[in-house]
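Have a look at the structure below before the remarks.
Order of writing sets the chain letters: A, B, C and D. Residues in each chain are counted from 1.
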């Protein structure tokens, strides 16, 4: 057992080293105390003001995107999400409009002075995407596609990184490190629910991940209430929880006519629902801000 | 395939029947639209005012409980939790003081005019416990101990029912139905985190369960932030999320000297931490109430 | 960091103590090297010969049990399972025949010289059950019902303990320790699948648990292929896997007419399926035994 | 409720269509009844003979690979695995030797007449890899990297596809469909354990997935016992379970000196352990084959 004590001392030294490595992570708050503020065409994430990312699940047409953009403009929103490259479980499901989709997003964004967040799936498309998007999204299925992460780390463009389908917080932080290690520190982390046995929701929103990520890293954190719940009736309550716990932004999906949407029909809000949602969450956000209730 | 259509019609009828059964659940909001308000010695749960349940993990001594009670009294709190019968993974861990613990809780509660919530493990102890506790707690490990649930359903005493370690929301609701089916409708549901692969927290707080339970049932819902996170640094943010999403109460653990606690040392607040926590959560709760932000 | 080294030495001492405690577990193979052999009316579990536990999910009538018993007798089987007290998610589902069910099991068992394994749910029923059953089963939902475990530990009757719905192997072993700590070492451990996100099977059979349990404890291990898969088409392949990996017995459900079964209709074999299953698994078992392929 | 019946009829038609789509999956056994036999330089997978895939976790040097190859040759094995591109959680962990690693594998393979299985991470590397590898491996983290799957589907080279870290069987089958939809039907499916709450093993081996995949698809199925358990003491028992349940091959890791391995040190066998393992599993496999116990 003296042997055991020595073995443990050895292990302690090892852990100290690992600990130093973790301290050395560029995304770590131990490395940089103040918040990283990501500037997306003038909209700031991470500066203490809570904001919203809205838009359709998938880009289907210019008209569809335009209707959503107009509604967002009415609400004074700036950050629009929309999928042009859609990763789908089956190869026979709608895979998105591709570059055509990006062009539509850019055209509408320029028309309404919005910023575009859109997912890129292939390292080869990062360079091309710079012309169209304001934020490169890396999706849950690609959260450990390390070549994609590295490519996104080499460009001068904000990256919204989603947590893996069943990713640990530690893996999530390390995936962000893959990006920052290449030079790009404009990273937004996105909690989007994790896979569990519970079937009442599409995924299980891990709300505790928000304060953990804010504590462990200096990066802004967004909560995607659409993919974490998969239920329209839970968007508002989970958005409030996300704001209360200190998320820098809430993300949700809007579609002019969800019933005919080519993907995720059941979970997207229509335009009147969107306006109702925005009224409530903005009221909530402003009350919290007024009472200085979120740090 | 015509055969398939017929089979499906048959299945539809079956589902309709099951649906009717679900409607027929006595805990269901379909059965009773208005909230059930549970009255615990004058403190109401389910009436729209959000409150707090605090206290030590386990009862260790009269002095220990008294110190916590005094601090709670200073904060104007009424509902005290404390374990006399402790279900522990190992038979060799501290199993609680048993009836002695209940007597201590009762004595201190009477001294400070508090109400006592304490876990009962054995159907045979329900009757005995009525003399000492104001709310019978049924713990996560016993969430499908149906004989215990039925016994608790036969008495005239509120019951706080915890979700199972890896219980589904459907199972949770049915466990409550076991209680109410015996006549006792004074049931408080408690979300306390579920078991997942994530190791950053003790369990994963399923915050979405709160609005789902409020929608599906007419019962008050409490969030136990201590057992769901297992981390003192997450008590405050998760408590805010719980209040924001509409929980009727937040539960957390306090101990005069957590370092020497006989169970769950790492996750209990000490007295100064408790006062700080209460100041923040009450401020938050009151701001929400003032702005009428939680239904 | 010297401080860290010292802290780690302290922790090492603590762990050594815990390790000693684990060594001290009465169920541990560190405590007792040779296999515990459980003798159920002459049928031995744990002696290296692999056997089978078969029978209906729930006892419904004398005739139903008799038909199964006759088929088992034809196959030379001895160990019959059958539920008299059924723990069901909903209070309105069939809860079993209770003592009447136990009486039926006993009557048929005596007629065919079988041994009976049946679940007991309430600590108060342990004493009564001794008259009827040859093995007390403690089910997955009660795997941490510690008072029930302790009662089962006080009697002189074998206990079949199922792993919890989402129980860890460590919890499972400690639950067995609750039984043995009261004096009863006639314990059979039963792996019955764990709760995961995968929906293709009712639970996920954790086949690795078998060699781990055989290594960590000296107790016999049974695999319940019915509850772990919930699919009749997987009973045979998983039974082979269980035998190959060294399980002491395989458990599965048989019903004279599964379509009208009061519980778990879809997953029970009918009599001809049972005979076909037995022919295949016995052939497999005997070939392994002949080639001395399972230790 | 008549409305409900009509809605259900509508849904039934929808499901029928989906069912047809599933039938239409090119990997489905409904589409093609007989087994697909994958020919890897003369070694056949899927023809009923069970085989083995062995090799180091990562390629570290020519000498290291050579020692393993020699041991494999002694055992009459043909299929060697080895990682040249290593996907690692942290960007600062050893990422593999890259093309240098592939060259070493090729050189040794030619020397000993072995076939090489190695993971490719980037769609751009598929073409390049054809010169070096005999089977392209797509790893668990890339199981839904659809562009990579499609690239692998365009070449005339067998592909070994691993199940995702927490992938469902349905997702796994659809990922294979991404490959086959591009023309390449030389696909080997690999069960490698799924992520659960259980910490006794690195992942939880989902042994039931093997018969499900064999039933649903016509593709050969391999079980990776190293990554599913992460424990050397479980390699042999789980390998036996895999063979008993009908896997076409068992995969495990071997390293000349695991203690100094640059990755996964704890779970790789050394050479003497490998010879002992092979003696036992080949004996087991041959006994099963002799008794015609695996279909």
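Here is the rule we use: a residue touches a chain if its C-beta (ideal position, glycine included) is under 8 Å from a C-beta of that chain, and two chains touch if they have at least 3 such contacts.
Everything numeric here is computed off the predicted structure, so don't read it as measured data.
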Pair exhibiting more inter-chain C-beta contacts, C-D or B-C: C-D
Farthest chain (mean CA position) relative to chain A: C
Chain B and chain D, separation of their C-alpha mean positions in angstrom: 45
Distance from chain C to chain B - Cα centre to Cα centre, in angstrom: 32
Sites on chain A at which at least two other chains make contact: 166, 170, 195-197
Touching residues (chain side chain C, partner chain D) in the complex: 166, 168-170, 194, 196-201, 204-212, 215, 228-229, 233-234, 237-238, 240-246, 283-284, 287-288, 291, 293-294
In the complex, chain B residues that touch chain D: 1, 4-5, 8-9, 11-13, 15-16, 166, 195-197
Residues of chain B touching chain C in the complex: 21, 87-92, 121-124, 141-142, 144-147, 150, 164-166, 170-171, 174, 177-178, 181, 195
